[in-house]
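Order of writing sets the labels: A, B and C. Residues in every chain begin at 1.
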């Protein structure tokens, strides 16, 4: 365990090196946040349709989406690991006396956490003090906030297990630009990265309920904003935990199995 | 007026300096500090048509800056340069039609498709007439013996095969001047020989003027009669290779194979050493020439065999670099 | 032109060397692009207009912008990735060839996989047109053509201008992306729905509005102002400073060799 933690630490520290990228990252997220909110505002001002979220809930959701984008997005893959797999350079990793799946897992985790650490804190400070309606509202209640902290922490682990799954898919198909990308795009869509899931057409919402993706960020954001009742939130957290366990075990088993094949082939 | 005329060209680069640290990074975002580095200083030389010139010097001496200026990519800060009556950077399009460039460490061939396709594209890039193109292409392909290679995707070729295709690609438009930048880097002995022989041949048959930069002194020995040595941006030596050798190559190692016992004490013998089947001497030819030395030896003993080693060209260059402190 | 076409065919040949991954990569681009207009579709599932614009009007806006952008991504990829050309030194090689440098940069890269986006934006365009009740006139046909061409022109110009930035430095390219992608994101919608400052910015400074918003007003009959129909033509003026800048940058490059 200590080994994985130091692997995590190393990634975290090297992630902190990219300060300039962090500054432009915050600027990008800020700009996009404002623009996206403007689009939704224009919709909301165009008539009182049956909106599935109140404006305040929605704006909190959209800002959280921007704040945690670099942490929770399912769109980005770990280029380094994927390149390594594609080029067949796994030999180094295999030569280490540690489990390769968990090595990947903690690498991704460290990378992502370092990014959000740099970006989100100054960012939150700014958007809490924006003029209405652009301001990020405080959580719906203290209980919602506590639940949010719990669920987003689990969400981080769930995100990592999904992103680590991209590595597994690449290991299986060796086609990172195609199949892995399709997988990532679908995951991103269902996670609510583009549109909050309550806005989905009904049949897509139903499909989404059976997939793990919306539990990465959609659930935490809706809990924060109060779009979900405390009961539903608790239920969601249980499903989140189940998905995380399933995906981690699946990733672990598949990696082991696939690597055996790679080793046999002498890759 | 020579074919290539370079007069006092200078080039200084501005290099941004940045200290580490977050504050410095921000500061340098708004205001940068620069350092000026003289890449070349008052370089002059002239080259006649049909010459092969070795342009050598250690890394960072200004070789590639000079080549870039000569090929029209860079404009010098001061000085003049005329090639075949054209100022390279002034009439770029017209000028580059008359030159060919081979970079040993870079490729102009398309990686995923056969070299032949790249050749066809270059035909249009250089506006070569179909008939002429076919003739030249076939001739070059035959000369380099790559008939079977040009239809295979480049990524599947060995380095040596690829380099031969690179050379063809650079010669399709029949340039009058060919710049070769480390053309044999990383090649095996056979490929090196093929490339060298070919360079010699086109120089002789097509009168192509060749400027060759390399770190491989064997290239220079095989190809260039004349070398221009630069270091720290200045020309240090310009002249024949032979002269350079004679000037610096004064120590010779002589190995004498014999069963007899031999001791020679004479001025000019720098060292002597007993080896398994004879003796090894190093003599200074300035005070004792080789024939005198051999005379003395033959008077004393019977010789089975003699070996005379020149100091290698590499050693000479290293000595030169040392002498000029570069 | 001949050289450009030949270069493109070679790029295409290179791409299909890896047949299977070409197909899946193409498919993945379709999925990624779908998620772009999925936003619009979902929101119109709950609302029936955005400040008076209907679903198909917005989709037309979207399609016009992505038509030009994806066209440039496919055919002007070399300029889009100009920073790479400078970094790996291949730009020097282009200077050694007796052809126009900008043309050669265009030839240096071509991304057939992004055709997936181009084709899809054409489909969205056709669907939008079929569902809009347009009283077709010659002027409206012209208007549509102007929109499409000016969309290509504006992205081409922006690509060239950002390439010029690479002549000076290759750091901080993210800011360029922010301006371009942020603006592009907004221009997917009729820019009239945004705050006035943005409208002015994207009409005068980076004239996305001239590409799709103003002609859309004329095209859908929301306005009869003929000037709106001609608005895309002004985008062509954008080409002049961008090409001038490129040539200027090239001169600078050959004197600094950065």
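By our rule, contacts are C-beta pairs under 8 Å (C-beta built on N, C-alpha and C of every residue); 3 or more make two chains touch, one makes a residue touch a chain.
Quick caveat: nothing in here was measured; it's all calculated off a predicted structure.
Colleague: Please identify the chain lying most centrally, where each chain is represented by the average of its Cα atoms.
Modeller: Of the chains present, the most centrally placed is C.
Colleague: So which has more C-beta pairs touching, B-C or A-C?
Modeller: A-C
Colleague: Quick one: point me to the chain whose Cα centre is farthest from that of subunit C.
Modeller: B
Colleague: Centre to centre, by mean C-alpha position, how many angstrom separate subunit A and subunit B?
Modeller: 55
Colleague: List the centre-to-centre spacing of subunit A and subunit C in whole Å, with centres computed as mean CA coordinates.
Modeller: From the centre of subunit A to the centre of subunit C is 29 Å.
Colleague: Please compute the C-alpha centroid of subunit B, do the same for subunit C, then give the distance between them in whole Å.
Modeller: Here the centre of subunit C sits 46 Å away from the centre of subunit B.
Colleague: Enumerate the residues of subunit A that touch no fewer than two other chains.
Modeller: Within subunit A, the residues that touch at least two other chains are 20.
Colleague: Of all residues in subunit C, which are in touch with two or more distinct other chains?
Modeller: 172
Colleague: What residues in subunit B touch two or more of the other chains?
Modeller: In subunit B, 29 touch at least two other chains.
Colleague: Please give the residue numbers of subunit C that touch subunit A in the complex, ascending.
Modeller: 20-21, 23-28, 31-32, 35-36, 38-39, 41-43, 45-52, 113, 171-172, 174-175, 177-178, 181-182, 185-186, 189, 193-195, 198
Colleague: Looking at the complex, which residues from subunit B come into contact with subunit C?
Modeller: 11, 13-14, 29, 65, 68, 71-75, 89, 92-94, 96-97, 99, 101, 103, 106, 108, 110-113, 117-118, 120-121, 124-127, 153
Colleague: Given the complex with subunit C, which residues does subunit A contribute to the contact?
Modeller: 20-21, 24-25, 27-28, 31-32, 35-36, 38-40, 42-43, 45-47, 49-52, 175, 177-179, 181-182, 185-186, 188-189, 194-195, 199-201
Colleague: Touching residues of subunit C toward subunit B in the complex: what are they?
Modeller: Interface residues on the subunit C side: 2-3, 6-7, 10, 13-15, 17-18, 89-90, 92-93, 95-99, 104, 172, 254-257.
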